[in-house]
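Some structures to go through are shown next.
In the two complexes below, subunit A is the common chain; its partner is subunit B in one and subunit C in the other.
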Partner chain A sequence: MFHRECGYYKTSYQGDQAILPFPIAKQAIFGLLLLFLIVIPFFANEYYLSQLSLVAIAVVGALGLNILLGYTGQISIGHAAFMSVGAYTAANLVTRIEIGGEQLPFFLALPAGGIMAALIGLVVGIPSLRVKGLYLAIATLAAQFIIEWIINHTPAISGGAAAAIEVDRPALFGWVMNEQWELYLFVMFFAILAIMAATNLVRSRVGRALVAIRDQDIAAEIIGINVFKYKLYAFAISSFFAGVTGVLYMYYFSIATYEQFQIVVSIDFLAMCIIGGLGSIVGTIFGAFFIIMLPVVIRIVMESFGPYFMDPSYLPQVIGQLRLIFFGGLIMVFLIVEPEGLNRLWQNIRNYFRVWPFSY
Partner chain B sequence: MAEPNGHDSILSVRGVSKNFGGVRANNDVSIEVPRGKIFAIIGPNGAGKTSLLNMISGFYVPDAGEIAFEGKSINGLKPNEIAEHGIGRTFQNIALFRGMNVLQNMMLGRHVLMKTGVLSSFVYWGKTQREEVAHREKVEELIDFLRLNDLRKAPTGELAYGLQKRVELGRALAAEPELLLLDEPMAGMNQEEKEDMVRYVLDIAEQRGTTIVLIEHDMGVVMDISDRIAVLDQGEKIADGTPDEVRANPRVIEAYLGADH
Partner chain C sequence: MQPILKFLSAKFAWILLAAFIAFIVAEGGVGVLIKDWRFAVELAVDGVLTGLMYSLIAVGFVLIYKSTDAINFAQGEFVMIAAIVVAGCLDWFGLPLWLSILVGFGFMVVFGMTLERFVLRPMIGMNIVAIIMATIGLAFFLRGAGPLIFGAAPSTINLPIPDSPIVWGLLYLTPIKLLGAAVSILFLAGFGWFFLKTRKGVAMRAVADSHQVSMAMGINVERYFAVAWVTAGVVALLGGLAWGNMIGVDTQLALVGLKVFPVVILGGLDSIIGVIVGGIVVGLVEALTAGFVDPYVGGGMKDFAPYVLMVIMLMIRPYGIFGRRLIERI
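Coming up: the complex of A and B.
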C-alpha cells in the first residue's frame, strides 16, 4: 500500500479516491458481474432466480435505508410506507396512462414512483430537525401507519375495495419481460444502478456531509454544513430508493397491494442494515442477501431434518416462527456484539488476505 | 471599513451582552479586530471568552449588541451561514469527526468551497470527480504545511491530543477563511507542540493574510505573537490595546492577581 501513501500527483489522487484502488478488486467485480448477469440467469433454476430477484429488489431499499440510518444517523421505521407510495404512484400511472395501447413504460413509472416517495419523505423528515432517536422513531412509525391508512381509505389511490392494482409486466420497446430470467435481469439492473449511485454518493461531498452530521453535528455546522437541509436530503434520498423498491416489487409481482408494505417489512429492512453493517454499502448487500435467504435456509433445513423429530403437519407453522426468532435474536446479537455487522467480518477476512502471506 | 484609529477592521463587536440565567457571560463587550492581524482575547477562567466566540460564530444569539463582519451585520445568522461568510473556528474541547481519518476531516473542511449536489454526486464521474481531485490537491498542500503526511489515513480519534488540535486547525484552514477563531489552540500541549502551533499561527497570518482571533492562557505566547489584546474579566472587557499597553494596565494586573489568589 506504499504507493497510496506517497503519490503527489493528480493521477494518484484520482486513484486514491477510486472505489477499487487495487487491480484485484476490479477483477473481482468483473467476475461477480459475469456470475450474476450471465452464469446465474443461465444456470440457476426458477426458484433460486426468484429468490435472488427478491434479494436484488431488497438491496435497493436497504441501501436507501442505510443512507439514512447508517450514514446520516437518522432512524426511520416507516421505510416500507415509502415503498408503498412508490408502488401505488407507479400503479396508478401505468394503469391510467396509455401510450399507443401500452401501459406507461417502466422507465417513466419508476422515477415517478421514486420522486413521489421522495416528496413524502421530505415531509416526514421535517421532525428530524427537532427530534432525535426514540422520538424520531415514533414519528416515522406514525408515518408508516398514516400512509398505510390513507392509501387504504382512498379508493382513488388504492384502486377500490381490495386496495390492490394489477399491472402488466415491464416492457421495453415491445419486449415484454415475462420469464423469470427476464425479470431477474430487470431487477438486477436497478440493483446495480442503486449500488453505484449509493457508492458514489457516500464518497463525495454530500455523503461526507451526511456522515459529518451523524458524527458531530456541532462540528458539521461550524464547517458550514446546513444540518437541516442535509437531513432532509437524507430523507428524500432514502425515500427515493424506497419508492423505486416499491415500483420494482409492483412489477415483479404484477400487483401493488398494501399488504406487501406493512410494518414488518420496515423491520425487515432495518434488520438488513443492522445485520449487514450500518454505514456500509457492501454490508447492506450482505444484509439484504442474509435476510431474504435466511428463511429459505431455515425452510430447507427444517424440511430435511424436521420430520425426524416433529409431526410434519406442524412444520409450516414452526418454520414461520423460527424465522421471527432468528431475526430478533440476530438483531440483538449484532447490535450488542458486532454493531458493524457482517461488513466487519468481511473486512477482517479481507484485511487478512490483503497482507497475506506477510502478516505483520 | 475605516475606523477612527486608522485601522481597517474585519470584525466589529459592539456592545454585546449575553446572560445565562443569573450568569453574565458577556456584558456590553466591544472589540474591533484589525484585518490581517493576530488579536488575542485573554482573561481568567469563566471570563466569557468562549461565550464571545460562540456569539461570533453563531452558536449563541446575543441578548444585546451587534456583531459585524466585513462591515455587514451577522447577528442572527446560523453557524453554517457564518462559516459560508468566511469565518472559521476551532473549539476549546476539540470537535473533530473522530471516526473519520485526517484526510476526510480536511475534505469536509472544504465543504463550503465545493459545489457538488445530490444528483451529480450519484453520477460522480466527470464534474464531481474533477472537483474532488482539485480539492484534494488543496488539502494535500495543507497536509504538507501542517506536516501531517504520515497520518493522512489515521482515524483522528486515535491521534495524540496535540495532533488532534493540529488536525482541527487544518480542517478550519481548509475552508480558506478570512477570519479564524482559535479557542485555546495550545491548551494541554507540551512545549514542543506549543512552539509548533505558535509557528503555524504566525505562518497562517503572514502567508495567507488570515485574520486570527486567539484565546490563550499562556501569557508568554500571547504577549509574543499578538498585535492587539483584549482582556475580559467576569464578562466585562477591562482592557484593550497592544501587548505593552495591556501589560502595563493596572486593572489587568489586578484581575490576574485577583484570580490567582
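Coming up: the complex of A and C.
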C-alpha cells in the first residue's frame, strides 16, 4: 500500500499535471475530509472544536503570508494590520447595512473585507518596487502601526471609544450558526477553499512568476517577468487572504477589536510560515496547527506539573512567558537547523515510506 | 492601469508628505506653534534630548549593521534585558550600584558572545530576510525569558543623578536626559573614529560588505561578528541604564526599541552622524506633534508621527540622509 508510484504510468498531460497524481493521495484526501468534516464535529468536545476552528482560520491567514513570504520572498511584519482592515470593513458593512431586517450576509461581507484589505495591501505594496529586504520589513512594520493608529483614532471606522464593533453570528438563509460545530464547519469551509485556491495559484503562471522573483528579482525581470506587476499581485493576494482571515475572526468571536490584530499576531503568523515551511502549502497547514496548539500544550503541561515547583498564582504569567520563549526559540531553531520547516520533516517521513520495506 | 501605478509609485512619497503636512496644518498645529512659541521651544529642547537618547539605542543597531550586515530587530529587547539584569542585582541581591553595573556588563558580554556563537554564526551567508526573522524570534524569546528568569515585577534603576530639572532661562533640562544625550554623542563620536581610522574598524566594514571576500582576504569574520554583538550588548547596557532610570524597568522598556527604526532610516543605516541627526529629528517631531496635534486627534501622535515620517523617507531616499546608496548586481 505504500508503494505509491508502482504501476501508475501517466498517459496524458492532464494526468501528469494533476494535483493528486496517485490514487493513494486521493484516498488520503478523502479520508482527511471525512475525518475533519464529519467525524470530528460529531465526536470532539467543544474546547477542541474551538481550537481546531482557530487553526482553520489561521490556515487562511498563514497561506496568504506564505504566498508573500515563502513564494515571493517579500517579508511582511504587518500581516495582522491587513486582517484588522478586513475585520473592520466587514464589521462596518454588516452593522450599517440591513437587508430585510437582517445584517448583511457573510457571503457579501467576507469578499468585501478581503477586497478592502487587498486595496490597502496594494498601497503598502507600491513602495515594494523601490525597497526590499530590510527596508520592506521596516515599511510593513510601519504599516502595522499606522493602520492600527488610524483605525483606533477614527471613530467612523472603529465604532467609538472602545474601538470594538459587535456583530451577529453568521447566518445562511435564515440558518444562524450558533453552535460550536456550526461555526467550526463555517470556518473549515473557508480554510479548504483557501487551501485549494493557494494550491492552484502557485501552480499557475502567476505562481511561477512569484517564485522567479523570490529567487532573483533582477534575473526575473531580465527573462521578461514584470516584477512590479507580480510583486503587487503578491501583496494584493496576500492581503486578500489576510482580510478574509480578519472577517473570519470577526465572525468567530462576534466582535471586531484591534486587540486581536496587534503586532504579536503578525509575528505569530510569521512563525507559522517559518516553522511550517516557507514556500509550502502543506507546511503552512502544519505550521498553523503547531502554533495554535503549542500554547494549549504548554498550558496543559504547566497546569499539571507547574504546581509542584512554583506558586500556582504565578502560573498564568509563566505560561504567557513560556509561550513567547517557545515561539521565539522555535523560529530561531527552525531557521538555523531546518530552514524548510515541518514540511521537510514530513517529506522525509514520506520518502522513507515510499519504498518501505525495500530500500532499493 | 500600469502607467498610473508606476506614476503613483514615483510620486507616492510626495503625495503622502503633502497629505501629512496638510493633516497637521488642518489640525491647527502650525498656527498654534507660532502663537505659543515658548511652549514650542520647551518641547523642542526636550524633544532633542529625548531624540539623542534614542540615538543611544540606535547606535547598537547601526553598529551591528555596519560591521556584520545583519539587522537586529531585538535591539529594544537587548536594552530591556540589560536593564532587567542590573535592576535584579540591585533589588534581589542588594548589590551596590557599581557592582550591579559591572555584573550587567559581564552578562551582556557573555550574552553577546553566546548569541553570536549559537544564532548568528550558523546564519553567516544566509539570506537577509532569514536573519531579520531570526532576530524577530530572538526579540520574542528575550521578551519571554527576561521576566521569567529575573522576575516580572517592575522596578527602577536609581542612578545618583538629581531629579530636579536645571532651569536655564527658558529651558528646563532634565539631568538624566542631558547625561544620556552627552553619553550618546560621546559614543557616536568614538565609533565614528573607530570605523574610519582603526584597523579593526576597517576590517569590520569589510566584513559588512561581503563575508566571503573578507574571509578570502584573511579577516577572521567570526571574531568580528563576536566583537560587534558584544559591543552592541554593552551599548544596550548604557541605554538600559539611562532609560531604566527614566521610565522604569519592565517589559515595556523593550518598546523603546521600536523608535530605533525611524531614527536609523531617517539618518541612514550605515551612518554614524545619521544616527545623531535621525535621533534629533525623531525626538523633535515626536515632542512637537505630541504637544500640538495630540489634543485634536485624541493622543498617540508620539508613536504615530515618527513612523509616518519614516515611511515617507523610505519612499524618497530609502538609504537615508547620510546612508550609502547600494547598487545591486546579479
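As a convention for this text, the second predicted complex is superposed on the first by the 348 of 360 C-alpha atoms of A that agree within 3 Å, B and C clash if a C-alpha of one lies under 4 Å from a C-alpha of the other, contacts with A are read in each partner's own complex, and residues count from 1 in each chain.
The definition used in the following text is that a contact is a pair of C-beta atoms (placed from the backbone, for glycine too) under 8 Å apart; a residue touches a chain by one contact, two chains touch by 3 or more.
Just so it is clear, the structure is predicted and the values come from calculations on it, not from any experiment.
In the superposed model, A:216 makes contact with both subunit B and subunit C.
After overlaying the two complexes on the shared chain, residue contacts for A:197 are found with subunit B alone; subunit C is out of touch.
In the superposition on chain A, the chain among subunit B and subunit C reaching more residues of subunit A is C. Once the two complexes are laid over each other on the shared chain, residue contacts for A:135 go to subunit C alone; subunit B is not touched. Legend: residue contacts after superposition of the two complexes on their common chain; A:282 is shown touching neither subunit B nor subunit C.
Residue contacts after overlaying the shared chain place A:329 against subunit C, while subunit B stays out of touching range. Residue contacts after overlaying the shared chain place A:164 against neither subunit B nor subunit C. Contacts of A:119 after superposition on the shared chain: neither subunit B nor subunit C is touched.
Common to the subunit B and subunit C interfaces on subunit A are residues 216, 218-219. Residue ranges on subunit C touching subunit A, taken from their complex, read 2, 5-6, 8-9, 12, 71, 73, 119, 122-123, 126, 128-130, 132-134, 136-145, 147-148, 152, 258, 261, 265, 269, 297-300, 303-304, 307-308, 310-311, 314-315, 318, 328, 330. Only residues 5, 8, 10, 13-14, 16-17, 197, 200-201, 203-209, 211-212, 215-216, 218-227, 233, 236-237 of subunit A touch subunit B when the two sit together in their complex. Of all residues in subunit A, only 69, 73, 75, 77, 126-127, 129-131, 133-135, 137-139, 141-143, 145-146, 149, 152-153, 216, 218-219, 228-229, 232, 267, 270-271, 274, 317-318, 320-332, 335-336, 339 touch subunit C in the complex they form. Subunit B makes touch with subunit A in their complex at residues 57-59, 78-80, 83-84, 88-89, 91, 95-100, 104, 107-109, 111-112, 114-118, 121-124, 128-129, 131-133, 136-137, 140, 150, 152-153, 171-172, 175.
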